[in-house]
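Labels A, B, C, D, E, F, G and H are assigned to the chains in the order they are written; within every chain, residues are numbered from 1.
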Amino acid sequence: MTHLSDQTPASGPLPGVHDLGYARLDTDRLERTGDAEVVYGAGKTPSQVVELLRTLHATHPGHAVLATRLAVEAQEAVSAALPEAVVDPVGRTAVLGEAPVLRGTVAVVSAGTSDAPVAAEAATTARVFGAGVDLITDVGVAGLHRVMGVRERLDAADCLIVVAGMEGALPSVVGGLVGVPLVAVPTSVGYGASFGGVAALLAMLNSCAPGVTVVNIDNGFGAGVFAARVARRAAPAEVKAQ
Amino acid sequence: MTHLSDQTPASGPLPGVHDLGYARLDTDRLERTGDAEVVYGAGKTPSQVVELLRTLHATHPGHAVLATRLAVEAQEAVSAALPEAVVDPVGRTAVLGEAPVLRGTVAVVSAGTSDAPVAAEAATTARVFGAGVDLITDVGVAGLHRVMGVRERLDAADCLIVVAGMEGALPSVVGGLVGVPLVAVPTSVGYGASFGGVAALLAMLNSCAPGVTVVNIDNGFGAGVFAARVARRAAPAEVKAQ
Amino acid sequence: MTHLSDQTPASGPLPGVHDLGYARLDTDRLERTGDAEVVYGAGKTPSQVVELLRTLHATHPGHAVLATRLAVEAQEAVSAALPEAVVDPVGRTAVLGEAPVLRGTVAVVSAGTSDAPVAAEAATTARVFGAGVDLITDVGVAGLHRVMGVRERLDAADCLIVVAGMEGALPSVVGGLVGVPLVAVPTSVGYGASFGGVAALLAMLNSCAPGVTVVNIDNGFGAGVFAARVARRAAPAEVKAQ
Amino acid sequence: MTHLSDQTPASGPLPGVHDLGYARLDTDRLERTGDAEVVYGAGKTPSQVVELLRTLHATHPGHAVLATRLAVEAQEAVSAALPEAVVDPVGRTAVLGEAPVLRGTVAVVSAGTSDAPVAAEAATTARVFGAGVDLITDVGVAGLHRVMGVRERLDAADCLIVVAGMEGALPSVVGGLVGVPLVAVPTSVGYGASFGGVAALLAMLNSCAPGVTVVNIDNGFGAGVFAARVARRAAPAEVKAQ
Amino acid sequence: MTHLSDQTPASGPLPGVHDLGYARLDTDRLERTGDAEVVYGAGKTPSQVVELLRTLHATHPGHAVLATRLAVEAQEAVSAALPEAVVDPVGRTAVLGEAPVLRGTVAVVSAGTSDAPVAAEAATTARVFGAGVDLITDVGVAGLHRVMGVRERLDAADCLIVVAGMEGALPSVVGGLVGVPLVAVPTSVGYGASFGGVAALLAMLNSCAPGVTVVNIDNGFGAGVFAARVARRAAPAEVKAQ
Amino acid sequence: MTHLSDQTPASGPLPGVHDLGYARLDTDRLERTGDAEVVYGAGKTPSQVVELLRTLHATHPGHAVLATRLAVEAQEAVSAALPEAVVDPVGRTAVLGEAPVLRGTVAVVSAGTSDAPVAAEAATTARVFGAGVDLITDVGVAGLHRVMGVRERLDAADCLIVVAGMEGALPSVVGGLVGVPLVAVPTSVGYGASFGGVAALLAMLNSCAPGVTVVNIDNGFGAGVFAARVARRAAPAEVKAQ
Amino acid sequence: MTHLSDQTPASGPLPGVHDLGYARLDTDRLERTGDAEVVYGAGKTPSQVVELLRTLHATHPGHAVLATRLAVEAQEAVSAALPEAVVDPVGRTAVLGEAPVLRGTVAVVSAGTSDAPVAAEAATTARVFGAGVDLITDVGVAGLHRVMGVRERLDAADCLIVVAGMEGALPSVVGGLVGVPLVAVPTSVGYGASFGGVAALLAMLNSCAPGVTVVNIDNGFGAGVFAARVARRAAPAEVKAQ
Amino acid sequence: MTHLSDQTPASGPLPGVHDLGYARLDTDRLERTGDAEVVYGAGKTPSQVVELLRTLHATHPGHAVLATRLAVEAQEAVSAALPEAVVDPVGRTAVLGEAPVLRGTVAVVSAGTSDAPVAAEAATTARVFGAGVDLITDVGVAGLHRVMGVRERLDAADCLIVVAGMEGALPSVVGGLVGVPLVAVPTSVGYGASFGGVAALLAMLNSCAPGVTVVNIDNGFGAGVFAARVARRAAPAEVKAQ
């Protein structure tokens, strides 16, 4: 097969970019924003994920690097090729490299069992981006006593990530209990008129509790990055990653 | 002006219908469903509202009859023309005729100050349709202690009506506390991505608490009818209307 | 594979919760709301469904416990592992444990053949939650004589569940015939501009018949819980489950 | 004021077009499609409506010509300037010129009082376009006995126009009773989740009764044109307009 | 497996209904509306389709009966079991029984190659419901000369069915050329912002040509039923089906 | 009144910006993109519009400067204060300064009378941005002969702007006739399911004619800028503005 | 007029609530979350706003209290009745009471002139909630040099609030430049397919820059609360409010 | 199997149409619009694609002909059957026949790695339609330095195609830098609230940069046709295709 695209005059090499053919890594991002680029695994082959992780690791030797949204095949390929990587099948993530020194605490709170993958992605991301994590699961609003029972842990955090699908009510309840900055993550858990997470997204955008911000549906990664940045600034005291 | 519609051969008189020209009253509905027809005031002139209320009252001598969604002008016209009517400017309703014997209790719970009109419409409707009402206001989810503080009153009701705008989370919280049948009413209170009550509607349809049903946005009337029917069946003990 | 989540400091044990690792059962719900928790089968493996049903049964010895949304594989696993369970392939449910004493009657009315699974889920749920059921199928609005023919059975019920897809008109027709509390269930039956049940959902929310409430698309379970609660309150006379 | 648009080189005169500056009348349409152009009054001044009607009448001397969507001011201007015109304040229409010979019958059926303007627009349009009309009002689905009571009149028509707002269920009920071609007209009557007539529109598009077609929300005019064309073809017998 | 639904007290036999267990045939529909019920094949097994077709044929001996939306497996099962059936793999239909006498002509016009299945379903349905068909394909609006070239055939029809996906412009163009009643069928052909046929549906509902009515997306069947009813009334002259 | 905002430390002066307090003019834009900034009149007071136009004119002495979306009051204020300005009440624009040398031709084609304001805004914008304009109005798709009659003028243009509301079909028809680059402008003309221009927007995005691009609803300005840029590049021959 | 609601048995006094009849102030919120309740002015009369501000001030003597969304009449009433209040007509806010000690810096960045009210509301809120503010206006993405020119000020902030309407692109551009936590506020500025701010909201939720969170359309208040909480935690150094 | 459609009287042969049974080629389009018809591969079998390409090539001997949206199987079939064809697996296109003389330059700019297929389709289309292409990839708005670094190449082009998914911000940034006509292509890259490309589409329609036009989601082909037409007109200088 002759490929027309082979004949395309490629744009020249760009500074701060590592070109792998099928993707370019923004190796300058760490310097610009303080955080390294991340491998977004959706739509990539297992071997691409492995190569990207290895390249990111090589160009950021002192940092833990992260891959997200890994299919089971990609998780297995990473475990086989990079045995020192830490793979989480629940959150579908892989982490390679020395854990950062952790500063501050992000409490990741989730409503239902089905929200666990998004909560795990948020927790791992927050750790890789340098914050400690307190994971609090299964505190749905239909069982208020559970929410009340963890109020002190919520209050002790520097930033909260609250993950919920269906009616997405948990951020309003938590946001009314404590004054900690709160990032709400709607999940696509639900059916019918949940419209793939839209119901939860709208509920969170309309929260009656002040100081609630929102990220895209299922975007545990974005919430983790944001919360880690908040927590790191809030807590200069350093703790070595667990 | 000659009106083409004047020349239209009208459909003949229908049984069980009282024709006022601009509207026809279904005077058979009481017999068919146990509840009389109601004057829906939106889009009607003050004098039409007065005439419709008077006609309904005349055809249902032993019953209280109800008008809803009354503009201020219509409320004033009713007060002037029918001094024995009870007008509620908050719920925009008017009631004419002897209060029914009340059976059972509907607890009407609302989240915020702005939800008061819908809650009042629901409460008045439930009374006119024969149930006692316990009105519990301002128990938003951002102040959980208020919800917890009224749990016994919630538990004592035969049916709950829970009214909320914005993120519409209150029905889930209440529905997780007690096992009483619960009708949720989304309101159009909010702005931006509340989309005129759609956010609250979707949240209520996706409630994680089992046994929550929903009516149209701002439909306090429908919730009141439904809840009164449930409460009347649940509580044969009769109480004279307050 | 080393799992990062294995290292996560888990939140401590919560009272009234039975932790199975992949899910936590709210064993206190029965006391709080009068009804036991239920196994929602969507997204769970057959062996998880079996274990959850067995655990729920063990913690609620005197009650029938319910699993819903079971794939064929899960239905077969339950039949094999728990031969005393009653499995319904139409409604995709399984029931384990002694049938409750039934109080009152829920009439479940469905419009078309394709609505049968949702109607069956509603019927089974209502029974497990303690109400008798009268199932009336195939009474679509395009054949009014069928609706008229069952009017007495509708009138005799303590609560109605009306299930319909496509244009969702049946609740309005039934709600105009009788004054029994009515829960409408839109189904995802249809194509094109039915938008997966949205057309039926909107029709039901806008019903011109007073006293119609609505649940989420395909949510036979929620309608069954609600209707059983209404029927049980309405009818103190007890009947042993069929 | 100097107007830039005055300097615009206008496109030249087009054949079969009568240019009034602010609008061009397609005077050829009658020959092409058998029906004359119509004055759509929305957004036009009273004097423009009068002039357009007068011009249409002059270019179609043997035909009745129609204006729709007339504001009260435009209705009054037409009555004053063209006393021979027939103005209908309910349907907001004006008709000028000799009534056509009517062929066949269109039955216009409407659900609620608030649907009257759309039904009247449809009825007047059907007459101007040459069909007789049988107007049947207030036969909502919540009172089935009324629908059943007019079945013979429905069956006798050559084409049905069924007008309904809110849940839009009437076309399905009527379409299941008779085999006459049926055009459904959703109206913007309703609130909240009726979304300005979208709920009724979707219900009608998803009707379970075969042979139901639909026009735009509140489009009584379009339904009237269509139904008159069907009725004229069906009934060669001629009747002088009433 | 013991099935809970087996124990459900079934609703009793209804008159005019043929119960096959998994479906009930409305055998009275022919008498009520003049047209027999039809087998909607979506979601049915091949053997169910065969049995339903055979039963319909037996209960309507003098009529052709129709099955629509047949998967390839169902088409093959019908061909094998009912060799006298006429199967159309393009329109995914099967017809069994003597062709009706055809009255009047329905012109089925389609825009693009991908619209062929919907056009074929409409054409077959119109024939089975008793009208002759003139099928005119590939006359998209981007090639106006093709539309102009068939104007006489359009004008000769008693009813038009115009099928188009993507921008759905063809009905407006055709509706401006001739005054024949026109039913527009939007198809799901397109991608991106066609939203599965919604773009075409909206375009058709907003057609600037008067007298255009619309059916659901891909609903060739509904258009065929409607158009045949119109054509049969328009043309009493009888022609034996081709 | 003391204003908190008075105390706000303002951001310092930015280069290439002319600060008027309530707005800042990007006086560098001409150099950067070849076209001057424009006064968008929506939400501005008449005196602000006058001052902004005068300032833009002073900073761009050799260019015509443009104001769009002017309310009647703003048009009158401009005419009074800047008598040399050319005001167009149809397109709601004002132009101040020497007309540019025009290069190439933009044909602006509109479908209906109500689309005239958007077409006029597009035409004036194209002229101010340096292209000649051929304005062709009232060539709706329901009268194809008009479209066919102007084919040569369409073919002679360097860029086409096609303006249409309702079903938005005109760009597809025009785009199938000629190979000139075509920008489609949906307008908010319509009602009901036109959803304020969304129906036309979707139709244009799904056009079956290749080479059609689209701008926002009612965005005659954007289409004019774009088309003028295309026409200027296509036609180096210079013509003094009319 | 006799008011039915006057007879309603009101729910008893709640602890931590100051009841004004038409509203209840949550006077416990300060203790619970560290921030006092706020007067949301939309839908309140000028005298209610004055009374609520005065009451909040009396119950929180050492704190500045805030009112938002004030109509011009309410702003004037506050200025007249509470001359010590600071009223901002741009942001439509009023502040009463001693300014808090400011900790940390929130940079409020806005894209266009029309976004100023939302930016001002965010800035005032952040100050009242205890953070210093750096306001940076008119840095739209169509003039990148302006964004680049303020990079150091962005980098120096503890939290960013980025306000933009129309296409909502500014948060992505800013989020790619610096690693500071960023809250994006979509505004309702725009027309046509901006759908009242939905286009900007969706763009922000889908930002390709990591660490961007979003609040409701036009919700400058919510962004201000959140950002102040982040900035206060990040910067223990105290500065007296300007 | 007997096929009913076999018996359908086909519409007669149309001039300028090459009928292949399953599709008709508009062989006149080249003469009418200057560009040949194209094979849209979606939904076609590999052998149909091969035959259509071969037929188009035979009827347009002096032109390169194009097939788009080819599945892998169709790409392989074309490579095997037509070895002289140039197949691009990234853009999923095939080109057959002599490359045209290229005039002018289209710069195709894409934001992220996942946008490559749409960018490649646009680039190949532009070349086949006669323009030179400068392909510039991976210049997302989160790395502004990359955009700034290619400004001269952007400025040198005759037309820009800017391809972006997610928040779709790149066209606004590029459109603010240069005054070249710009066609924006939203892609379906994203998840959650990107709604399959709707977020990017809306952002582009609302771009604050003047002179941005938009095509359908993922419609690289349409953008390529349009841009080539613009570039060819702008640059009469001829260059032999690379």
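The rule is short, and it goes like this: a contact is a pair of C-beta atoms (placed from the backbone, for glycine too) under 8 Å apart; a residue touches a chain by one contact, two chains touch by 3 or more.
These numbers come from a predicted model, not from an experiment.
**Q** List every chain that touches both chain E and chain G.
**A** A chain counts here if it touches both chain E and chain G, which gives F, H.
**Q** Which is the least count of steps on a path of touching chains running from chain A to chain F?
**A** Counted as steps through touching chains, the separation is 2.
**Q** Shared numbers divided by all numbers used: is that above or below half for chain A and chain G, i.e. same or different?
**A** Answer same: the two copies use largely identical residue numbers here.
**Q** Comparing centres built from CA atoms, which chain ends up most distant from chain C?
**A** Chain centre farthest from chain C's centre: F.
**Q** Please indicate which chain is farthest from chain B, where distance is taken between mean Cα coordinates of the chains.
**A** Relative to chain B, the chain with the farthest C-alpha centre is H.
**Q** Distance from the CA centroid of chain A to that of chain H, rounded to the nearest Å?
**A** Distance between chain centres: 36 Å.
**Q** Averaging over Cα atoms per chain, report the distance between chain A and chain E in Å.
**A** The mean C-alpha positions of chain A and chain E differ by 50 Å.
**Q** On a C-alpha centroid basis, what's the spacing between chain B and chain E, in Å?
**A** 44
**Q** Using mean CA coordinates as chain centres, what's the chain C-chain F distance in Å?
**A** Their C-alpha centroids are separated by 57 Å.
**Q** Can you pull out the residues of chain D that are in contact with at least two other chains?
**A** 143, 176-177, 192-194, 198, 201, 205-206, 216
**Q** Show me, using the given definition of touch, all chain pairs that touch one another.
**A** Between chains, contact exists in these pairs: A-B, A-C, A-G, A-H, B-C, B-D, B-G, C-D, C-E, D-E, D-F, E-F, E-H, F-G, F-H, G-H.
**Q** What residues on chain A touch chain B, complex-wise?
**A** 111-112, 140-144, 147-148, 166-169, 172-173, 175-177, 190, 192-195, 198-200, 202-209
**Q** What does chain G use to touch chain F in their complex?
**A** On the chain G side, the touching residues are 75-76, 79, 86-91, 93, 95, 113-114, 120, 123-124, 133-138, 143, 145-146, 149-150, 153, 191-194, 242.
**Q** Spell out the part of chain E that touches chain C in their complex, as residue ranges.
**A** Going through chain E, the ones touching chain C are 1-5, 7-11, 14-17, 22-24, 26, 28-29, 42-43, 186, 188, 196-198, 201, 216-219.
**Q** Residues of chain C touching chain B in their complex?
**A** Contacts found on chain C: 32-35, 38, 158-159, 176-183, 201, 205-206, 210-216, 221-223, 225-226, 229-230, 233-234.
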